[in-house]
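What follows is a pair of complexes built around chain A, which joins chain B in one and chain C in the other.
Moving on, here comes the complex of A and B:
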């Protein structure tokens, strides 16, 4: 902070406006860079899945092995463990698509030609969180019936006076807190991580080009930018995993026999 | 020095959840270290606890941007 403050004042720190990058058109209906990246990621995932599974073999090729490892992580590590071996299979396609879509879009944040994490625009995580929100309520209502589902929010065996407050708390959690935090967690991590990387890289570049003693500081900043990029890789993978895990957890809670 | 006090508010709102998430995963690691076969049972509890605890920090960053003006 003090280094940036000591520099001549024509350096502006990156802000929210860095993320507004329209490609075609302008205003509310513009085709923006994240929209393009989202479409590109879908093509990429489709190509990857088709290419690695077209020639299925008992002794898998390298590509098939990689795909199976990712699928196995979601199927066994997330869905089977959390939802239970009874009815996890029908949620695996949803969870797998979400995991892969979020992972690829997050990884775009550190892969040079793309260099933009799609999920740092709030609209994309909101859409994903809404899908999860609708799915876990609908499967819960299908399982327990409409009245039974809301009843199942309250654990049995509570004293009478506690039922109403607990029900209200659970209602707020289920209807409001869960979808909002699911979307904002993903958005916040991608947004903050990317802005930090932009700050380190552009700040380092500014100091390197301004000469004098600042060149040393700029070099150190760029080393930090490299470290931050590696850290971002970890965060991007972790956030895709956490999103899938929580989606599975919410579904598991809705279809569980006892809430 | 110029800035926005809403960002300071976000810093404050992150203290509690930070401690809370730390405590949750400390307990989770402890539990798994003592009884590795209980991992499958402890993991959903730990992550659900994390999701609820972290919610406060996430509301904090959302409100910091809302009240940025």
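Moving on, here comes the complex of A and C:
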């Protein structure tokens, strides 16, 4: 904030309005730039996945090897390990789609000319979290039955007095905490990371152009902006991974024999 | 953050400054649709293809391993067969050597026997020949002795006694007597005189 204080005249720190980029129309039904980015990511991902798997080569090309590496990470590293080898295949398409979609849209945050993490618009993380929420409840109820699913929330062997409070806590976790944290975690990381980078870059630029001692501070700020970009890359990957991991964990919990 | 104002970036109004955790409805629905599209493509096309690749690769690796095991088993079998053949060949060789030894001994014995019989045959033949030659010599000598004696006697007597001697077999008789051992001394003169007288 000292940067802002040192430049009192015309520097405007980035705020939430940075993220509002309507292209067509305005208001609740405006078509926004992140929607275009989302559509572009879908085209990019489907093209890439179909192109690299068309040959189905036993000795893979570099592209196929990359796709197989990501697929192997989700299939074996996440789905198989968490859900177990009996039922995991059903959920691999869901988890794989989710992982690549989040990963590519997150990476858009540091790749020009997109330079915008789609998931910093909370509508998208909510959509994905909602899908996960519906899926893990539905598969849980299919497995245990409607009543059995709610019963399975409470661990067996509790003293009688504890059953009701534990059930209420588990119910809140299951219905509310899990989907909300899933969406908010992804949104928050992308939002905060992007606003921080915008601050470093625009603030650095402002100082570089202000002259005097501020030029040095501006240079240092830009170096930090570069470091932040690398850090953002890590965060973007990790958030995609964590989202997929938790989705698999919730599904695993729902289909598990014992909660 | 007091510097935040309505800005150049986007439009104006509620959405520009709305709290960032309020979802934009169209973005939310668009997100659902996009994910649905991606999910369909991934579950219908991408995952089946990748699973097929996985399965084929696994099969190829396992097939290769099976093939290698088969080859190893074949090599092992061939080695065992080879060793068995080697043992068989060795015993065969030993048997042949034994046979050859026995056969050689037999041949030597036969040869020895053969040589011995041959030698005895040759000896016998030589004996017979010597005997025959001796007989011949005896016969020839007897004739010569008779003729020489007669010649001598004829010189002494002065006339040929050959005819008479041959007629009377004097020499043969004398020699026969000589062989039998009872030689009777005869007076050459008397005999010659009487013989001459008789001739």
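For this structure, a couple of remarks:
In the analysis below, the second predicted complex is superposed on the first by the 258 of 259 C-alpha atoms of A that agree within 3 Å, B and C clash if a C-alpha of one lies under 4 Å from a C-alpha of the other, contacts with A are read in each partner's own complex, and residues count from 1 in each chain.
Everything that follows uses one rule, which is that a contact is a pair of C-beta atoms (placed from the backbone, for glycine too) under 8 Å apart; a residue touches a chain by one contact, two chains touch by 3 or more.
Just so it is clear, the structure is predicted and the values come from calculations on it, not from any experiment.
Once the complexes are laid over each other on chain A, chain B and chain C both fit without any clash.
Applying the stated contact rule after C-alpha superposition, one finds that A:45 touches chain C and leaves chain B untouched. Contact with neither chain B nor chain C is seen for A:234 once the two complexes are overlaid on the shared chain.
Within the superposed three-chain model, A:81 lies in touch with chain B and out of touch with chain C [touch as defined at top]. In the superposed model, A:173 lies in contact with chain B only, and not with chain C. In the superposition on chain A, A:184 contacts both chain B and chain C.
Taking chain A as the reference, the larger set of touched residues comes from C, when chain B and chain C are compared.
Once the two complexes are laid over each other on the shared chain, residue contacts for A:252 go to chain B alone; chain C is not touched. By the touch criterion defined above, A:22 lies against chain C but remains apart from chain B after alignment on the C-alpha atoms of chain A. Our angle of interest has its tip at the CA centre of chain A and reaches the CA centres of chain B and chain C; in the overlay it is 100°, to the nearest 10.
Smallest inter-chain Cα distance, chain B versus chain C, after superposition on the shared chain: 6 Å.
Once the two complexes are overlaid on chain A, the chain A residues touched by chain B in the first and by chain C in the second are 16, 184.
By the touch criterion stated above, chain A contacts chain C in their complex at residues 1, 4, 11-13, 15-22, 26-32, 34-35, 38-39, 41-42, 45-46, 49-50, 53-54, 56-58, 60, 64, 67-68, 71, 75, 89, 92-94, 96-98, 100-101, 120-124, 126-128, 130-131, 184, 187, 191.
Considering their complex, residues 1, 3-7, 9-11, 13-32, 34-35, 37-39, 41-43, 45-47, 49-53, 56-57, 60 of chain C touch chain A. Listed in rising order, the residues of chain A touching chain B in the complex are 16, 81-82, 173, 177-178, 180-182, 184-185, 188, 192, 242, 245-246, 249, 252. Interface of chain B with chain A (complex): residues 40, 43-44, 47-48, 51-52, 54-55, 58-59, 61-62, 65.
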